[in-house]
Amino acid sequence: MNYGRLALPVLALALAPLLPGIINRTKAVIAGRKGQPLFQLYFDLAKLLRKGAVYSHTTSLVFRAGPVVGLISAAAVLLVLPLGGAAAPVTFSADLIFLAYLLGLMRFFTVIAALDTGSAFEAMGASREVQFSALAEPVLLMALAAIALAGQSSGSPLHGLPFCLSVIYSRLSLATWMHSGPALLMVAGALWVVFLAENSRIPFDDPNTHLELTMIHEVMVLDHGGPDFAMILYGASLKMWTLGALLAGLIVPVRTGNSFLDAGACVLGLFVLAVLTGVVESVMARLRLTRVPQLLVSAGFLSTFALALIIWS
Amino acid sequence: MTMIALLVLLPIFAGLAALVVRSDPFRRSILLAAALAHVALTGYAWVYRPAAAFSGWLLLDDLGLLFLAIVSFLFLAAAFYAVGYFKKENWGERQDFAEDFLFTNAREATFTCCLLLFLAMMSLVCLSQDFGLLWVAVEATTLASAPLIYFHRHRRSLEATWKYLMICSVGIALALLGNFCLAVAATLGPDKSVPMLVSSLVANAGLLHPLWLKVAFLFLVVGYGTKLGLAPMHTWLPDAHSEAPSMVSALLSGALLNCAFLAVLRILQVCMAAGQGQFGQKILLVLGLLSMALAAVFIVAQTDFKRMLAYSSIEHMGILSLAVGLGGAAYFGALFHAVNHSLTKGMLFLVAGNILSAYKTKSAPDVRGASKLLPVSGVLWVAGFLAITGSPPFGPFLSELIILKSALDQGRFVVAAAFLFLLAVIFVGMAAIVLRMFQGTPEQAGNALAPDGSVVSSSESAFAVIPPLVLGLAVLVLGVYLPPALKGLIAHAARAIGG
Amino acid sequence: MLIVLSAIGLLVFSGLISFLCGRCSRAANLIGAGGAISGSLAGFFRAVQILCAGTAEHFHLVWDVPYGSLSFRIDALAALFLVPIFLVCALSGLYGLGYMKPWSGRKNLGAYWFFFNGLAASMAMVVIAANGVLFLICWEVMALCSFFLVTFEHEERSVQRAGWIYLAATHIGTAFIIVLFLMFGRVCGSLDFNAFLAARGHLGSAADILFVLAVIGFGAKAGFVPFHIWLPEAHPAAPSPVSAVMSGVMIKTGIYGIVRTLTFLGAPHIWWGWLLVAIGLVSGIPGVLMALAQHDLKRLLAYHSVENIGIIALGLGLGVLGIALKMPALAVLGFGGGLLHVVNHALFKGLLFMGAGSVQHGAGTREIDLLGGLVKRMPWTGATFLIGAVAICGLPPLNGFVSEFLIYMGGFHALGGQSSIAAGALLIIGLALIGGLAAACFTKAFGVVFLGEPRSSHGANSHEAGWSMRIAMSLLAAGCVGIGFFSPWVVSPVAHAVESVSGLSHVVVQGLLAPASSALLQIAVISALCALGVIVLSLLRGRMLSGRISSTEGTWDCGYLRPSEKMQYTASSFAQPLTAMFEPILRIKTHQPSFLIKEESGCDSHGSGPFFPGGAAFESHSEDFFLKSVYGPIFMAIQRLALRLRFLQAGRVQFYILYIALTLFVLLIWCLR
Amino acid sequence: MNLFTDAVIAALILTNLRLIASSRISACIYAVACQGVLLGVLPLLVGPQHLTVRACALSAATVMLKGFFFPWLLLRALRSVSVRREMEPLVGYTLSLIIGAVLLATAMWFGRQLPLPVPARSPMVLPLAMFTIMVGLFAIVSRRKALTQVLGYLVMENGIYAFGLAFALSEPSLVELGILLDAFMAVFVMGITIFHISREFDHMDTDRLSALRD
């Protein structure tokens, strides 16, 4: 482990709550409002941590474990997450699987914590969550595989640590884009869909509505309060950071060789991504629930097609 | 000389004695003693092979010894079972359980006499080397067994007896014609001919007239095949087996069919020696497969469990015939399978008798929960089913394996596939019937329930349980260990056919 | 070798003794379970030793059975299968000690232990047998023992049906295996495995047929779709320790058979790998989908076995592709992942079935929609079931992730080769989809059964399992966690088995597994850190919340008034969005009678008036496509044909004699023509 | 000599036709009795050139059994049951005759296809035997009454016997006696069975004996 690289997770832990702030601010600007402060989530977290908690007598230990495991998983993901060309503190081959499955672990515990309340609403949200994530997971993996192969096809053979995220992203450069631009564009589209779906953004979910029948993620955490809810919110922002970084690392192919510059470019890209999300949320309506799987499956086709394109180009 | 004659005469004299003896226990001990003595004689003959008698007409060769051993052993089991059966049987007038008429049984003395005569005639089949004598003996088995089938004097058994007599007589008449054709084939000149002894026919096989030999084979196969239960000449078999008392069914299926098979083997021996093996084997192969297919058709969704067993016998006779048709290593498999089938089917029929007497019905759907009502018989019933359908660790698995192996080794993939397919159909069909009988809770109103609702298992007498148990254990042993003595005997016998 | 053989002997012997004790249930139970545990444990430790050492042992005796010999051989591959077999059998024995107690007096426990120990012994024999006939006999004894265990509660119609389906399926499968060995014998001249090995590489075109035979025959036992139909019938019918053994290890003997056959076949063809990958996909995805549609807990688990067998087949398929395409890394990762998943699946599926058994034992039903809130009444069962659920979803840090990770790595390697790209892509999509759906399914199973409020009196009146059952489940859960956290050390014994399958040398295999090992090491470290993090964070939260916890209220639920337990989401509704998506595969049948308005009764049980609706019912179930639409029609057609041919035996003696005459005529004319 | 032989053979064929064309059972029995006598005489005609004691004894036994004893047995059985005629045979009488003609042609064909290894004394004996067997079988298949079927069986046996005689096979007489004995026993047992059938069922229509079926 390279201790200098630990800066990356620290950066993520510090800046992740900023992303929802940027999105909200963007939406406010477009709507002509002043909007919340950029650091609203930090204030919320601080306030929540000072609160007490109400646990329904229906719930069990699982309910309490959910936020903790979720947050720890989201934080652990940061250990393998590169920021653009900057390598993650921990690198090993096929760590992208580890990343995807840690997110799966987080989801698993969030879902069973929701089921622990015995509430039909929360279970409904949980049911949708597992449905959409089951479809999103293959898309994510195929997209990452396509990026990996694109980097390989532009010169560097498969050596060292194959399918290590840090290696994949360090090999991705402007040259790669030149070589297989259209395919990478499709991959970016697929990742964008995953990003929006997994973070419960419009058009998949509306984080602001409290109409239970339309919600996915928000409804699952209805009964959490106090520090637990803080952990959930923080974990969610870390997850957004993670998926965002994967996308930003792709669309910002700045590879100077200097880790700080690369990471900085990527973080900037992340912020741009957040702005874009805000724009999307301002101009689009939420999809009907039955259309969501179609969009996810289309994204899957997109990434698979991109992979095929990269292989046979 | 005396040894060989004794094997036939002992049961005859015992039978005559049984006819005149008045005391029931004494007669029953005669039956048991005769059966035991016959087994002892057979065992003695196995070790010290007796010389030929009556100018070679009677001779105990390997093939004959193998079948004689089966007959003798199975008869002992059946005799033991019969003693228990006689004790339990109601000899007065009683009501039929299927239809409501009254009937009586045949006299025990007559029945015992016929049983012993049946044994004598089957022994004679195993011993006779002359085709004429063989024919006489086979016909005599029909006549001796007809009264056995007509033990319960009611219309169904009468019908079965009539069909048995009529069909087997026609068959046996055709076999006689076959014998004549064989004699024609053996005629060398106006006053010169090969004697009708197996050994001399085999030795002079080259001199036989090929066409007439073929025709003789056809007639003999159709004739003895009727007795053997090869489809489509099998039709008497399910009726007779289902109506006869169970130990008689066991003997018919386990011993009599084998005797007929022996007769077919004898003529095949001659054909092989004369170079007409291909011709005969082709016919046997087709008839064998046909028998298996037909048995499969009637086993699926069969409602009468004794008929199911009878059709299973047809299936196994088909397997034997198929194996002989394949030849080569399958001869060994065929003979081994004959042993296995006899033991297993004997056991199954005896157990079927126990089930029949406990449930008073032959309808399989009406029998439920045998595992509770008849703990020992129930287990034996399922074990027998597994054995007869060729599941390890029972003997029939090994013999069927050998047969299948030689089919594959000869490259007869279609035959092997058909064989396996039919076995599978029969297995599935039989499983549905047998398991339903074994499992569940007995529903019959006639059976007593304990106060707490659990089923009281009816006591099973030793006479009813030990014979099938012994047969079952023998099948189990054959499935994991083939005694060298038996293996040697089968191997020699297989070589005698032409393998 | 002698230790293993005597362990098997002990199993058989104790089973017999227990059988003879028969009606004396207590003694039978103690002797049977004691024999099962001690025999299996002895075998287990020896098998672990052999596996770690990577050596092979032989044993040969003459046997008076045609083509048979008492040949045994334990190599690393056999030992790899022996380890889970003995472990799961030992723990199921322990579990059964408590589980079977309620039957004492009512049923013959002696028979149960006789067949249970027989099953354990025969499974071990199957794995170490080195002769075709011996193998077949052990194989069929195994099938029969498990059949009798499945039909242990044969008073129930559903159990009878399940038993019949199982018996038929396994028997037909065995037919293919018999042909397989006999075909080997045809080429090699002997049915000894040594002869098969000697002939490897000289099989020519027969190899293709042999491989297909093996896939069908052994696949029927393993539960490959479309031969899986017996699994969802037999596993729910069997007593739970038996389901644990059958699903955990017995179906793995099918995998063993395929792998063993591969070692005899020599260099594989590419399409074999493709076939296995395809089977893996069609078993894995429909398996998990069908699991999702179930609301019987054990049936659900049974379909998950189909899914996991699919994952194993994916691994093996990659391995075969790797050898065929000369990509050793692919071969090592594929076989390694597949074989490790065999062990892992044994652990967590055994655990889950035991958990389901405890639920049935404690709550009296397996119907998921009738349960709820069990984790409060059955904390041990709940906790261990949760561990099993996380493991089976392949989530880190538990053991399921380790093997899936290896297979994934293999899949990525396949992406690197020209002709294996499609396999890699399919595998990754498939595995990811399976993983997501499995998570959906197990959040459903765990969440609905153990969390929330009881949905009926079954859930409310449940009680925790006895000590022996708890110990067994805890040990298996510990195994799941242990392999997860100590995965790098588990990989090297598996490597021994991979050597014997792939034919690669020890050094090569170790070298190719090195990246995987180092990755697993880092994962293990991160996992340990995470575990630490979870503990620290929980403590921290406890500090923060001290004195500020209110737990007297009901669920807030967005302010919904008076929620009742009946209003909770059920398993069926939880899965509905997914099952609706895959409706064509699942064929869900619903029965929804219209609302019944009880006018004549005047007043229903709730005291409301005559114009209000009375009870309403809704029921849905998923039919197995293959059972209903493939096998069912075939069986019905055969039966119809048979019934149509009944006229042949119409009872008239005239016709019977006509048959004889016609036969004679036809034969005569054929002969004289 | 030849003239005699041919005459006997022609008579035998006619008795066969009589059997399948007659509805009265007693007439059928007489036809079979006639056939038995003719068969008994046949060996003396076609047999070896010089008469032996053995041949005479065999001939006498045959005549006694086939010509007198069996018919007597069957007539007795007929008397004990109330049936006189084969009312509705499964195959009508006209059709039976046509089939008989076809069977005769087939028998001729068989006779031609099967060359004799030794020069036969009469070329017609083999077709005759075949024809008789086939007629016997046909009678069993096409008739309802148990008695008629036994008659058919007897005719079949006769045919086989004729076949045996045709070649003066060097069968030891023990076997011949055994064969006769068996035939006798068979008919005897069948007679007993018929007796039981008529007592039990009040009829002897064997096609109505079909309780045992699948």
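Letters A, B, C and D mark the chains as written, and numbering starts fresh at 1 in each.
Please note the rule applied: a contact is a pair of C-beta atoms (placed from the backbone, for glycine too) under 8 Å apart; a residue touches a chain by one contact, two chains touch by 3 or more.
Just so it is clear, the model here is predicted, and its values are computed rather than measured.
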The larger set of C-beta contacts, choosing between A-C and B-C, lies at A-C
Gap in Å, rounded to a whole number, between the CA centres of chain C and chain B | 43
Distance in whole angstrom between the CA centres of chain A and chain D is 99
Averaged over CA atoms, how far is the centre of chain A from the centre of chain C? Could you give it in whole Å?
-> 35
Measuring from the mean C-alpha position of chain C to the mean C-alpha position of chain D, what distance in angstrom results?
-> 69
Pull out every residue in chain B that's touching 2 or more other chains.
-> 162-163, 166, 170, 211, 215, 238, 298
For chain D, what residues touch not just one other chain but two or more?
-> 114, 137, 140, 149, 206, 209-212, 214
Where chain C touches two or more other chains simultaneously, the residues are 646, 648-649, 653, 655, 657, 668, 672
Pull out all the chain pairs that touch, please.
-> A-C, B-C, B-D, C-D
Contacts from chain B onto chain C in the complex sit at residues 162-163, 166-167, 170-171, 174, 211, 214-215, 218-219, 221-222, 226, 232-233, 235-236, 238, 279, 283, 294, 296-298, 300-301, 332, 336, 369, 371, 386, 389, 391-393, 397-398, 401-402, 404-405, 408-409, 416, 420, 423-425, 427-429, 431-432, 435-436, 438-441, 454, 479-484, 487
Show which residues of chain C lie in contact with chain D when the two form their complex.
-> 646, 648-655, 657-658, 661, 668, 672
Can you list the chain C residues touching chain B in their complex?
-> 63-67, 106, 133, 136-137, 139-141, 144, 151, 154-155, 157, 159-160, 163-164, 167-168, 171-172, 175, 178-179, 182-183, 185-186, 635, 638-639, 641-643, 645-646, 648-649, 653, 655-657, 659-660, 662-664, 667-668, 671-672
Chain C partner, complex, touching residues on chain D are 90, 110, 113-114, 134, 137-138, 140-144, 149, 206-207, 209-214
Chain C residues touching chain A - in the complex, by the definition given at the top = 372-373, 375-376, 382, 386, 390, 393-396, 401, 404-405, 408-409, 412-413, 415-416, 421, 424-425, 428-429, 432-433, 435-437, 439-440, 442-444, 446-448, 450-453, 515-516, 518-519, 522-523, 526, 529-530, 533-534, 537-538, 541, 544-545, 548-558, 560, 563, 565, 567-569, 573-578, 581
